[in-house]
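Listed after this line are the structures, all set down as C-alpha cells.
Two complexes, one shared chain (chain A), two partners (chain B, chain C).
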Partner chain A sequence: MFSRLTPYLLVLPLMSFIAVFTYIPIAASINLSFREWDFLSPTMPFVGLENYRLLLSSHEFWNSVRVTALFAVISVPIRLGLALMVASYLVRETLPSRLLRGALFLPSVTSTVSIAVVFSWMFATDYGMVNAFLVSLGLGRVPWLQDPQLALWVVIIVNTWKQLGYDIVIYIAGLQAVPQELYDAAAVDGGRKGHVFRRVTVPLVMPTTYFLLVVSVIEAFQIFTIVDVMTKGGPAGATDMLVNMLYRVGFTLFDIGQGSALAVLLFILLIALALFKSRVLGRRVHYEA
Partner chain B sequence: MKPDVTKSGNRILPWLALAGGLLFLFPALYSIFMSFQTVDAYYTGTLDFTLENYQLAIGQFHFARYLFNSLIVSGTVTVMGLASATMAAFAFARFRFAGGNLLFAAVVATLMIPSHISLIPNYLSLARVGLLDTYAGLILPAISNGFAAFFLRQYIRGIPVALDEAAYMDGATPLQVLWRVIVPIARPAIFSMGLFIFISEWNSYIWPLVAVGDEDLYTLQVGLARLYKVNPGEDVVNWPLVMAASTITILPILLGFIFVERHLVRGITMGAVK
Partner chain C sequence: MLGNLKTLFLAGLVGLGGVAAAQADVTVEFWHSFDGGSGESLGKIIENFEAANPGIHIEAQNIGNYNDIVAKLQAAIPARRAPDAVIMEVTRYGLFADRGVLLDLTDHVDNDPLKDDLFDFAREVGVFEGKNYIVPFNSSTPVLYYNKDIFARAGFTEEPALKTYDDLLAVSKQITEKLGDEGITGIAAPGQFARWGLIMDNDSDLIDSKTGEILIDSPNTIEAYEWMASLVHEHKVASADGVTKENNGRDAFLAGKVGIMLNSTGNYTRSQKALGDNLAVLPMPCNKVCAVPIGGAGIGILSSSDKEVQDAAYKFISFAASPESNAIWFSGTGYMPINKHTAEQPVAASAVQDKPGITVAIDQLDFARGRPRPPVVTWMRASEYDVWQALALGQRDVEETLKDFAERTRKEAERTN
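Right after this comes the complex of A and B.
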C-alpha cells in the first residue's frame, strides 16, 4: 500500500531535532564536565573529576543547593495547600466560579519577566506599593529585596502568585473526577465543612496531589527567571538558585567545565525525581473502583 | 459541594468572586494603569494620562522591533513544532515499524529531561556553525516538542482506523490521509497544542538571553529584562515607561487569553491527567 519508509520519514523531522538539541547535548554536557575550557582557548584538556571536586568543595555550590531546596520545600506546600482550598470552592460550574478561575489562571500563562518586573516595583523600597501600604498604616519601609532574610520570601510569593492558577486548574480536574455521591454521603452524615474537606476531599485527590507535588518540586529546582530579574541571586547569595548559578558560571565566567558539571548534577537530581514520579504515579493513579 | 447556599449568598457570591479576582490581579492591573501615567503624575501621585510611555517604548527603546522578533520566533516555532509533532504522532499512532516503540519512548523521555542540561552544549554548537545572533539560533533548539507529539499521538489513537482505511481504499497516500482525514478531526487537539507551544515560546527567557547578544534580535522578554536593569530593591527612574514595555510584552497573550482559555485549560489538564 505504501513504502516501508513512510513512518520513518514521518518521524524524521521530530527525531532529528530531539537528537541534535536534546540527546546529543546530554552527552556533550557529560563530556565537557570532565574538561577544562573557557570557550576561547584552543585546547580543552581532560581533567577527570576536577570540576566536580571543585564544585562539591565550594561554598557557592552548597549555598545554591540549600537555597533551592529551601525554596522548593517552602513554596510547594504553600502552593498546593492554597490551590486545593481554592479549588474545592471553585469546582462548581457557575459563572462567578468560572470567572474567578480565569483570573487565577491568567498569571500562569503570562510572561514571567513581566511578572518579575511588576513585583519588583511592588516590593521596591522607596516607591513600591507594599511599602506605601505599610507607611499608610504607620509602619516603616522594609527593604524587601535587599534584606537576605526577606528576599527569598519575596521570590516565593511571586512564584506562588504565578503558579497558583495552574495548580488550581489541575486540582479542579482532580476534584471533578471524585464521585459526587461521596460528598452527598458525607453531607447526610452531617459532616461539617472543614471535616468533609479533611476526611473526604484531601484523601480523594491524593493522586492529583502526588502529581502536582512532584511536578512542582521538579519545576522549583529549575527556577531561574524570577530570580534573574528581581535579585540576580542576591543579596549575598540569599536567592542564588542552581540554574542562576549555572548561568553565571557558564555564561558570565565562561567556565564551561564547571558549568557543565553543575548541569550534570542538577540533571541527575531531576531525572531521579522524574523517575520517582512515574513510578509513584503509575501505582497511585487508579484509585477509582 | 455544599447545597445550603442561601438566596442572599447567591446574590453576593458573584460580586465577591469578582472582587477576589480583581484583588488577585491587582498588581497586573495596576501596572497597566501606571503605564498610562506621566512620570510626574506617578511620582507626585496625581492623575495625568498620556500615551508617551508607549511612544517611548516603541520608538526610542525598540519595543516594536522586539515585538516583531517575538512574533517571528514564536510563530515559526509553533508552525514547525506542530508540523513535526503531528507527523510523528501520526506515525506513532498508526504504523507498526521496527524501532517505533523505542523512538516513541525516546520522545516521551524528553518530557523528563530538564532543558538546562542542553544550555551550554547548544550554545557551543550554534556558535560553531555561526547561528548565534540569528533567528535560526533562537528557533531551531525550541522546535522539538515531546509533549505535543505524545499528546497528539494519544488523540489520534482515539480516531477510528476505519476512516484511514476508507481513504486508502480510494487511493490516498499516507500524507493525504494525514492531511485530509486525521488533521481535520484532530483540529481541536492541534489547536490546543499550538496555543501551548506559542505561549511557552513567547514567554521563553533563558535561551533567548543566552543565544542573542545583538539588540536587534532581542525578544520582548529579553528586551524587557534589559530595560529593567537596576539593583534589586532600588527604584528605576521611569517606572511608567517600564510598565508600558511590560504591558506590550503581555498584551498579545492577554488578548488571546480571553478567547482561548477553555482550549488552554483543556490542553493542560489532559496533559496532567494522562
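Right after this comes the complex of A and C.
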C-alpha cells in the first residue's frame, strides 16, 4: 500500500508551497543583489559585489543598522519585562483577569496601519492629544515626531503597545505551567514575593522568555509599518530601520539591486543573531522544572 | 418537435450574439490618484465616456498619490499586472517613457483635432525628448491661499502685501504672535510642489528644464531653502507637523488652524468647502521674479497592452481632455483648464462666476514654467523629502546639505539618464 515514495508525496504539496513562496524568492533576491535593475529595464547587468560595496560604504546603511539595533536593544527588554510583570498579575483565572487579557490582546489583532495613523495624530506637535494634555498641565509642546532624540521612543512606545498583548498571553501560558508545589515550598521556606518571583518564576519561565526573545528580536529587525506610516524613517534618519531603508532604496529610488543586497545582509544578520542566541542563551534554558 | 428545435436554434443564435457582443467590449484598466470631490468629477467623466462609447468599459482604480502610483507601477510591470492607462505626474513620467513602458502617443496626438485645442503649456507637459507620451488631464500651478477670518483676527483690516518672502514672513509672524495661544500658526510648511514654486520665485530651479543642469546648490536655490526652513525652526511660524507629513499642513489649514497655505490649485474645491467665504486665493509671491511651476498629471498608455485596448484607452484620454470633460474637471476640482474651449462650456463659465479665486492659477500662466522630466527627476523628488526634513527641523546646515544633495543627484543622473 505504502511505497518508499509515499512520505515524499505527502509532504510534496507543502514543500512546493514553501519553495514557491519562500525559497525561490530568497534565491531570486540573492541573484538580484548581484545585478543592476530598476524594475523597468529589459536587461539586468551583472555587477558582482558592487551593490554590497556601495551599501557597506554608505553612511545611510550604517545609520540604519545602528537605529535598528538600538530599537531592538531598547524595545525587546521593555516588552518582555512589562509582559512578564503584567502576566504574573493576570495569571489567576478570575473574570477581571480574563477581561483584561482580552483587552490587552486587542492591539495585537488590530491593523498596524490604523494604530500608526491614530498614534501619529496623538503625537502631533501642534494638533496632537498628548501635547494638548501637556499644555493643559501648563507644560510646553514636545516635538515628539520631529525631534530625532524622541521619535525613536515614540516608535518604541507604539510598537510595545501593539505587541504587549501577545507577549502577555504567551507568558501566561508559561506561568500556568509552573508547578504550584514550588510556590508552596517557597512559601513554607518563608520566601517573600519578590524573592519568589526572582528565584522561582523567572527561571521557570525561561523557555517562554527564550522563545519570546527570539521572536521579538526578529520582529524588531523587521519593523516597517509603524515607521513607514508615522515617520518614514525621519526625522533626519532617526528612525530609519533596515526594512524601511530597503523599501526606500528598492521601491522609491528604483535600485532593486541594492535593495536586494540589503535584504540579503539583513537575512545574514538575523541568522547570525539566531545562532548567537542559541549558543549563548540556549544553554541557560531548562525545559523541565 | 420542429417548433421546439426552431426555438432552441434561435435561442442559440441569440446566445452566440450575446457572446460576440461581450467579446467586442473592451475594458481599459485605468489607475489614477483621485478621491473625494476629484474622484467624483472623474467618475462623471468616465460615465459620460462610457455612455458615448458603449463598447468600451473604463475600470478606474484609485491607487494612491503620485508616489504610490510610481511605486506600484514599477512593481506591477515585471509581474505583468500593469494597467492599460495610468495617471502620471508631469515630472515623473520621463523614466517610464525612457524605459519604453509608456506608449509613444505622437501619432495619435498628431492625428487628433484635440492637439490644436490644447493650450501650449498643456501640450508641452506631455512631450519628452520630442515625443508625446502623456495627454494632459489635471494641470495646476501652486497658488497662495489664506484664511480671511484668521487675517482679520490677527489685526489685518485690509489685505496685506504678500508679494515677497519678507511680506509672507511678516504676516505669518503677526498671525502666530496674535493667535498662537489658540493653536493657530501663520503659514503651513510648504509641500514639495510649493517649495519648487518658491525656488522659482527666487529666480532659480532644482534642475534646469532645458539644459538638465542640476541647480540644487545654486546660490538662489540655497537662499530659498534657507528662507523656507527658517519658517519652521527659526521663526516658528510654521508647524513642524507639516514637515514630517506634508498633508498635515494642508489639513490644519482646512481646519482653520493656519493663516496661509501655498499649495496646488487642485486644492481649491476642498479649501472652499472647508472655509467657505473665508477663503481667499492670490498668486504665488514674486520674490525676485514672478514664476510658478506647472504641475499636475497626464494620462499615459502602457506599451504592454493590446493594440485594441490601447486605441480604446486613447479614445478615453482624448475624451477626458475635451472641452466638456475638462469643464466638469475644472469646475469640480479647481485644476486649470487645459483646453482652449473649456471656458465656453456653461459649467465652466458658472464656476468662474461663482467661485472667486478659481481663475488665479490661470492668471499665473503668463509666467508659468515647465519642469524638467529626465529619469533622474523621479529619484531627485523622492530623495528631496529627507533633505527638506533635515533642513526645516534645523538638523543640518542648508548650504552643506544642498551641495551634498546636488552631488548625489549629479551621480544619479549619470547612472540613470
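The definition used in the following text is that the second predicted complex is superposed on the first by the 255 of 289 C-alpha atoms of A that agree within 3 Å, B and C clash if a C-alpha of one lies under 4 Å from a C-alpha of the other, contacts with A are read in each partner's own complex, and residues count from 1 in each chain.
Convention: contacts are C-beta pairs under 8 Å (C-beta built on N, C-alpha and C of every residue); 3 or more make two chains touch, one makes a residue touch a chain.
In this text, all values refer to a predicted model and were calculated from it rather than measured experimentally.
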Q. After the match on chain A, would you call chain B and chain C a fit or a clash?
A. clash
Q) Who does A:K232 touch here: chain B (first), chain C (second), both, or neither? A) both
Q) Is chain A touched at more residues by chain B or by chain C? A) B
Q: Name the contact category of A:P148: first (chain B only), second (chain C only), both, or neither.
A: second
**Q.** Which of chain B and chain C A:S41 touches, first, second, both or neither
**A.** second
Q: Give one of first, second, both or neither to describe whether A:V118 is in contact with chain B, with chain C, with both, or with none.
A: first
Q) Of the partners chain B and chain C, which touch A:L246 in the superposed model: first, second, both, neither? A) first
Q: Classify the contacts of A:D126 with the two partner chains as first (chain B alone), second (chain C alone), both, or neither.
A: both
Q | chain B versus chain C as contact partner of A:F254, first or second or both or neither | A | second
Q. Does chain B (first) or chain C (second) touch A:I78, or do both, or does neither?
A. neither
Q) What stretch of chain C clashes with chain B when the complexes are fitted on chain A: 1-9, 19-27, 55-63 or 163-171? A) 55-63
Q.
Based on the A-chain superposition described above, do chain B and chain C contact any of the same residues on chain A, and if so which?
A. 39, 120, 124-127, 143, 145-146, 231-232, 234-235, 251
Q: Enumerate the contact residues on chain A facing chain B in the complex.
A: 1-2, 4, 6-8, 10-11, 13-15, 17-18, 20-26, 28-29, 32, 39, 88, 91-92, 94-97, 99-100, 102-107, 109-115, 117-127, 129, 143-146, 151, 161, 166, 169-170, 172-174, 177, 183, 187, 193, 196, 208, 211, 215, 218, 221-222, 224-225, 228-232, 234-235, 243, 246-247, 250-251, 256, 259-260, 263-264, 266-267, 270-271, 274-275, 278
Q: Could you please specify the touching residues of chain B with respect to chain A in the complex?
A: 1-3, 13-14, 16-18, 20-22, 24-25, 27-28, 30-31, 43, 83-85, 87-88, 90-92, 95, 97, 100, 103, 106-107, 110, 112-125, 140-141, 143-144, 146, 149, 168, 173-174, 178, 199, 202-203, 205-206, 209-210, 220-221, 224-225, 228, 232-235, 239, 242-243, 246, 249-250, 253-254, 257, 261, 264-265, 268-269, 272-273
**Q.** chain C - residues contacting chain A, complex
**A.** 67, 71, 74-75, 77-78, 95-96, 99-101, 183, 185, 239-241, 243-245, 248, 252, 255, 257, 378-379, 382-383, 385-386, 389-390, 393, 395-396, 416
Q. Taking the complex as given, what residues does chain A use to touch chain C?
A. 38-42, 120, 124-128, 143, 145-148, 231-237, 248, 251-254
